[in-house]
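In the two complexes that follow, subunit A is the common piece, with subunit B as its partner first and subunit C second.
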Partner chain A sequence: MVIYGVYIVSKSGGLIFNHDHNIPRVETEKSFNYPLDVKLTYENKKVVVAFGQRDGINVGHALTAVNGNPVTGRELEDGRDVLEMLEQPENFPITLKFSRAKMTTNEKIFLASMFYPLFAIASQLSPEPRCSGIEVLEADTFRLYCYQTLTGVKFIIVADPVQPGMDILTKRVYELYADYALKNPFYSLEMPIRCELFETNLQTLLETIEKSGISNV
Partner chain B sequence: MTIHNLYIFSRNGTLLYYSEWNRLNKSGITMEEEAKLMYGMLFSIKSFVSKISPLDPKEGFLYYKTSKYTLHYLETPSGLKFVLNTDNGAQNIRGLLQQLYSQVYLEYVVKNPLCQLNEPIQSELFKQKVDALIKHSQYF
Partner chain C sequence: MIVLSSTWRDSKRHLFKFSQEMSRAGSRLDSKKVNSELFTLTYGALVAQLLKDYENIDDVNKQLERMGYNMGIRLIEDFLARTGSGRCYDFRDTAEKIQTGFKIFLGITPTITNWSTAGDEFSLCFESNPLTEFVELPDHCLNLKYCNILTGVLRGACEMVQMEVASWFVQDQLKNDSVTELRVKFIKRLEDAIPAGED
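After this line comes the complex of A and B, so read on.
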């Protein structure tokens, strides 16, 4: 049972707070012979697996290191192009390390503003009148809970599908937000939240819930 | 328990079939526009889910829930999308969607040489069978 992350989206759709809690690292390192039996392509400034899932290396995983040297974009530290390098037989055997691409802060901001219209369209396409936006969204690997306050701020929690009591947690986070972010005289509305007290309290809250469940908070 | 409506989309976003049973709220736009809006939303949700997922997703998006209804989603490997709106009480609609695909769509559309794939389904028989399956399910 894990909570993966907490996000707060302001009324205008901007990400004002994000906290990664327990993001599992998916990493595999393996040595390969020529020719390479996974197909790699370059997209979104990353070298990713396009085809040929095997041994924990899945489609969509990004190449992070070659023989222990980190890869940035499509280049190694010394400026060599990774894809060109993998086409030459003399570089083999070679050790490649793949990992599931982690979200950068920019991507999180992008995703937060993407959730905003989804939330609105869900209520527009409703077959019943006077319907709210998305409250729970489930995929096979996680469940997302969203609580929108009367003032339009959204509290979003991404957790394991079996973790109970997350709808209550969104409200608890709202309480913390009201107590520690809004009452902070140095915090201006709609701006990213950088309040130490808020963060430490949130951290403790998440840890207690993971250890002893929602009933104790 | 109620089932509100059903959308079937092809892999490139054409609305193949739409049917409604209990729908109180009209979206106020034409069916064509509504289908585009729905497909666009599902497409975005799919990419949203694959990015925000902490682990590698297999099936990806399953359903979302609002205060009044739940939207269930099933996508086949060939890209066919089944979307069913029900009330929040319905559990395990996935089985029903799979049934719809394997027992109705495959039987009366794919096995019907007069039905063009990727075009709206005109077959009367298909309509009847969908209606029968939904009306006889325990969720209706």
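After this line comes the complex of A and C, so read on.
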């Protein structure tokens, strides 16, 4: 059972806190001969696998290193273009390292502000008046729990679909927020939360839940 | 948070209970207690300092209200997180919740009285008030609203739950009234500020 991450979205829809808790790191390194038998494309500033799934390298994984040298965007450190390099037979055999693409902070901010209108739409689409908006959003690999306080702050938790007690956890996180973010005199409302005490207490809470379940919190 | 032992002067003084009052099933957050005298004296020091900083007593009153407002907008989250209370759809609910708030944060239960016929105004009466425990007002401070921070707290806290209220003291034990009476008036709901999924 796993909790993947915790997000806090402010009243005005901005991401003010995110914490990646337990995202399994998927990394595969493999040696290739010419011609390369996976199809790579360049999209979203990353070189990703478009087709040809094998040995733990899945479609959507991003290329992170070539012969141990890290790749940024589509370039190697010395400025050579990765895709061009992979077309030249003299560069082979070659070792490529793939991993699941990590979300950047910018992408997280973007997604958080995208969730905000979705939530509002859900409450408007409701056939009954006074709908709460999205409380749970379910997918095959995760479940997203959202708790909106009366003041409009949203606490979002992404967790494994079988992880129980997450609606209680959102309320516990709210308590931590009230204690360690809002009582910090140097924290100003609506701004990103950079409070170490909040972070450590949250970490402890999440670990306790994963180890011994929600009943011990 | 401040956690102090109760050994400060005579132990008969009650402790403020910040959190353990509300039964939060199985919560592991430390119950945070602080000696009421320490709080009384700290508040006294604050007011005395403001009197030094501002020549004008009205400015002090204003400043206290502003500080209270800034406390209120943060304190409301603590209140909601601890009590798990829902939105008020009636000012009588609000009155009761404000009363609970005083119980949680100051350890006192003011009585709710003097409802206006329209149901939009009520009074909170304090028999005892921890803020004024050791206080007597000197002659040159008769205009000082010593507890004015409370009016700010109420305004800030209610504003965060999209309710505009005004409050003022009509009686004050420091001014030789028999009780301290805080009048609270509902002004309007802040419809624009209500978050999606609540309106």
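Quick notes
Here is the rule we use: the second predicted complex is superposed on the first by the 217 of 217 C-alpha atoms of A that agree within 3 Å, B and C clash if a C-alpha of one lies under 4 Å from a C-alpha of the other, contacts with A are read in each partner's own complex, and residues count from 1 in each chain.
Here is the rule we go by: contacts are C-beta pairs under 8 Å (C-beta built on N, C-alpha and C of every residue); 3 or more make two chains touch, one makes a residue touch a chain.
Computed from a predicted structure; not experimentally measured.
In this overlay on subunit A, subunit B fits alongside subunit C without clashing. Subunit A is touched at more residues by one of its partners, and among subunit B and subunit C that partner is B. When the two complexes are overlaid on their common chain A, residue A:Lys171 makes contact with subunit C while staying clear of subunit B.
When the shared chain is aligned, subunit B comes close enough to touch A:Leu118, but subunit C does not.
Applying the stated contact rule after C-alpha superposition, one finds that A:Val136 touches subunit B and leaves subunit C untouched. In the superposition on chain A, A:Asp37 makes contact with neither subunit B nor subunit C. In the superposed pair of complexes, A:Leu144 makes contact with subunit B only, with no contact to subunit C. Once the two complexes are overlaid on the shared chain, A:Val158 sits against subunit B while remaining clear of subunit C. In the superposition on chain A, A:Glu190 makes contact with neither subunit B nor subunit C. By the touch criterion defined above, A:Glu84 lies against neither subunit B nor subunit C after alignment on the C-alpha atoms of chain A. In the superposition on chain A, contact of A:Pro127 is made with subunit B only, not with subunit C.
Once both structures are overlaid on their shared chain A, subunit B and subunit C have a minimum Cα-Cα separation of 10 Å. Shared contact residues of subunit A with subunit B and subunit C: 122-124, 130-133. If you check the complex, the residues on subunit A that touch subunit C are 11, 119-120, 122-124, 130-133, 148-153, 171-172, 174-175, 177-179, 182-183, 189, 208, 215-217. Considering their complex, residues 1, 24, 26-29, 73-78, 80-82, 84, 86-87, 160-161, 193, 195-199 of subunit C touch subunit A.
By the touch criterion given at the top, residues 4-5, 23-24, 26, 58, 60-61, 100, 103, 107, 111, 114-115, 117-118, 121-142, 144, 158 of subunit A touch subunit B in their complex. Residue ranges on subunit B touching subunit A, taken from their complex, read 4-5, 20, 22-25, 27, 34, 37-38, 40-41, 44-45, 48-69, 71, 85.
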